[in-house]
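The letters A, B, C and D name the chains in turn, as written, and every chain counts its residues from 1.
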């Protein structure tokens, strides 16, 4: 064992280059396989084949490197090869901006003319026809096209107001028809998707149901666009996967909604994750709006944050508006009255006109 | 205004005592009202009446104290009176230990003889009959009574293994029957509750569905006991309210399950909130078990934590066991093999025998 | 006890009005006391006096209401009275916008002419004079006035690069002098405040030291403005209290810095809490800037977020810039190169010009 | 290009085996280098050498695989080799259980006889001599050896009680001497380490200062054992690195302390991360105790959690005890009175006697 450090290192350098040579040869072979697969429309990525290659390698391994470590190295070889072929290990999400899929913008879905930001407004819940008409008239006067109001209210306690259910749907439908508004309402049960779809234009999947996968699948089979809200402790990646459940089941009109995440901060109801907006715009093909009311839970900073959210290129905002917030059956503190809402609209218009 | 500080303070002290006198008189009147209400079985707490009292007070307020501040004071008077009468402002939860309700222990629900801790074990998912039999035989040999295995798997990505569905239910049912085990499986859709109830003994509501209130209601209408897991970012209070949805709908056999919450720590999959165990025991009448596998996501500390959890007086533990974890279709890293599971059982038995 | 419900309720209403009368009389007396206290410059809020009043009340309480509930009511009376007098229970923070204190804007502190947003840029750490000169020249050419660079680097591991210490301070000082820039650098030890103050214009207190109260006090005794970064898990309230430590010790030039909080989201290094910006503007008299690099930990969304942050009315932004980020000794992934930084500046200018 | 899929795959399999052969040969060479390095006491891990190997490989790479992907593969080869040699990529922490370092247990540090769990008790703060004597006498009577009390109190608000400082140190020292107790107190400033070391036996570094690295270094230069508390949002890994700062500066007697982390749960003050206990025991050579009072912030579950923590093999517990908690100047709600503390001790003794 008379070799010195320098000589040993030289030998290792030589081996490195031999490995380099082999992985490049390997890549050339993979290119040929890729062409063959393209011809026959086969999947590039093939777990079974990988497992067999590893089995063969393990069978021939005489050490000293343990199989576990050999496996790490070959996994990195496999994954680099796949990356070279432009394929990530995970099946590419349809919603990913890396996929070839094209999705409609909100304006395209509803065939709307201009390109000012989308505004969705309305009370937390349908409570009665008078309140809703009052809001609807206001929205129409302000040229706003979307009204939201809950008929099925998921509430932490079973003793809280649970919504007017089908009666609420009817009121929402009739009022919106009179004032020519698109309607958005939450659906909370796979069994209700069909019924709700009869009455409203957009199915909302709420934060608590973001990973109610059966509901996502059912919404995926509906022809109604889906507004999918991020769960309060869901990562952006999980939100993307939830959207994928809808899309892969056939419904390509998914609008994402950032609405704040649960953190330790108490001055806001949740912590609005504004970075989610440009990340979603960059990493997916889907539109995204921001629910200001649930993110913030307070009204006094809503104008600043609305401008921030639009500056971050969100496609729109959602906000809770009620003619008499202090009388509302739920979320009374965070709902704007009509005057406050008007004031918010002025702020937004001032900024948006300037930005154009 | 020649009065000095001392004199003014004396006047205030006198007023304080007059107020004291009035609120005690007020309480005496409330006692009489309480008796009347008991006779006629009326609700103690009456929002409308409170609103009317406030209205009357506001109408008579000539200041200088603003109505808003007057309201704060009277709200505190109303709430202290109600507390005195033993009624909290919120409708008391049935599951609360303060209610008069009695709930069965896990042993009482299943009519089990001894009082060693409940152990629930089994694979993440039903994959085939051979694996499940292997585990079932092992459980029976170890005198363990509960097997768990998922037939419907809620998975973050739609491309991950989604479970064998009804075929899985059948396998689970047949194997458990042969080895005389109680079965636990997750139900993920309101439409499946009836079907799943036909095959298994305990309906599991998973963490992602803890606030799927329609599913909770449906489970509440079932005759099967419900194992309700805490959501990864649900507070203990929210877990209690979720249980209330099941109980108020008629199903009193709810077993809670702590399974870790989402935090910034990365050395465990989730952060096991061990304080939840004694808090649930103190503040509710319901049993609670701990899912060690999902809390920890690693096997090397499972023995220490199992002992800790039982020392904190959990009613039992749940753990994922698979004959060949490295081949499992999901959660392969956190499932124990049979040998590791046996080792865990020995640790527990050593501690429990000693503690008795 | 033949009284019926209606009669009993009437009696309660009468008592309510008597209480109302007494609490208004009480308030009148407090107004007189307030005037006396103003004359003699005494504190309005006096815990000892409250304790004595309660003691007196308890001594006279013959029930049926328990002392504990009586205490709740009187606490609410005390606190409403104080609110009426314009005094919150907690000693008012000097930094609070409710105090009478006026603080300088960043432009006022440094006597800068125009009102475009403040931009602070520079490398994570001082590494050598060449790099720093390159950046300094670029900043001067772009009319940016603030350069940041760390000489003392608080690092998670003792084996990571800890900064050039005094040598770094000298380089920073000399380069900034040549290019006429204001310098910002972190101070990490009470013993270094004096030394660091000799070399740089602004003392930065980093996120990890936000509750190093001794360092805050020492910075409060310095004449240098202080840039105080929010801790990764500090609430906005805690940040305000930390600033108070500096201000109450005599240094009124505090600039706050939002830099993201620790959450479960992994697509960004931390979660930028954009709501903190308008909340700080509303609830304190202090300026606030946003550190984009540490909030995001990625470069590809920095333009969108910079615009969002300024739309939310932040006073400025801070961003890490390095001539060769891939060679940087720390934070290499999040530092912009000069070209990327130039691109960011163009985006900002486009938006800001438009907004003016 | 007439080759078919099967033939191409065969070629790839052959290349795989050639690579396998080369990485095993490479490992044999590394073994020889390892021996050489052992002879000359050289570091195994050598970043510079890795950088040179990569440079050489890049210089020879003719594609088609891009350098970036080649780098991924070779990084995995380097890291597997190092793992084989028993060396992780990061410089091994001294505190890691993988290092060869041996650390003393708490009993060894203080030369204590029996092996019952360590109990540290005392008031939040030194307030006066009478209170402290009362506690000290009680501790001595119960055969408890460690008293804790703060003389320097890091408080969120500058207007809260900040501790008696040196006067407090003197009282603590004198009382402890009389009752033959070891003392633990927090140090919050690098400039105080020497002074505090004169008066007390153990220097506590509090949660807020866990990443006050200058303080850690100074404590590392002290001869007093250090009790290092985990920060409220620090990961276990960060806690280990913080301990490393003390150890690498020369002080090997570090006792870690889990005290709860900041989460969204509100029923406890912080969320006790019980998994940290077995993880620290497994992954480091250092002792760990649990601060029950700060983790929980409530007294009613302290007995259950104390037993849980000891079952998880913590070396001890810390608990706040005060003769008159309701009069305490800080943390009054979470401090046990002497009777409650006695009750806790009985619970622990019952469990520990049984477990032995």
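We take it that a residue touches a chain if its C-beta (ideal position, glycine included) is under 8 Å from a C-beta of that chain, and two chains touch if they have at least 3 such contacts.
These numbers were taken from a predicted model, which means no experiment stands behind them.
Fewest steps needed to get from chain A to chain C, stepping only to touching chains, is 1. A comparison of the B-D and C-D interfaces places the larger number of contacting C-beta pairs at B-D.
Annotation: 38 Å between the Cα-based centres of chain B and chain C. Taking each chain's centre as the mean of its C-alpha atoms, chain B lies 32 Å from chain D. Chain C and chain D, compared by their mean Cα positions, are separated by 30 Å.
Each of the following residues of chain A touches two or more other chains: 233, 262-264.
Those residues of chain A that touch chain D in the complex are listed here as 1, 3-5, 8-9, 11-13, 15-20, 22-33, 35-37, 49, 53, 56-57, 60-66, 69-70, 72-77, 79-81, 83-84, 262-264. Partner chain B is touched in their complex by these residues of chain D: 233, 235-237, 261, 263-268, 271-279, 281-282, 295-296, 300-301, 304-305, 307-313, 351, 354-355. If you check the complex, the residues on chain B that touch chain A are 90-91, 93, 154-159, 188-191, 208-209, 211-214, 232-233, 238, 241, 244-245, 248, 262.
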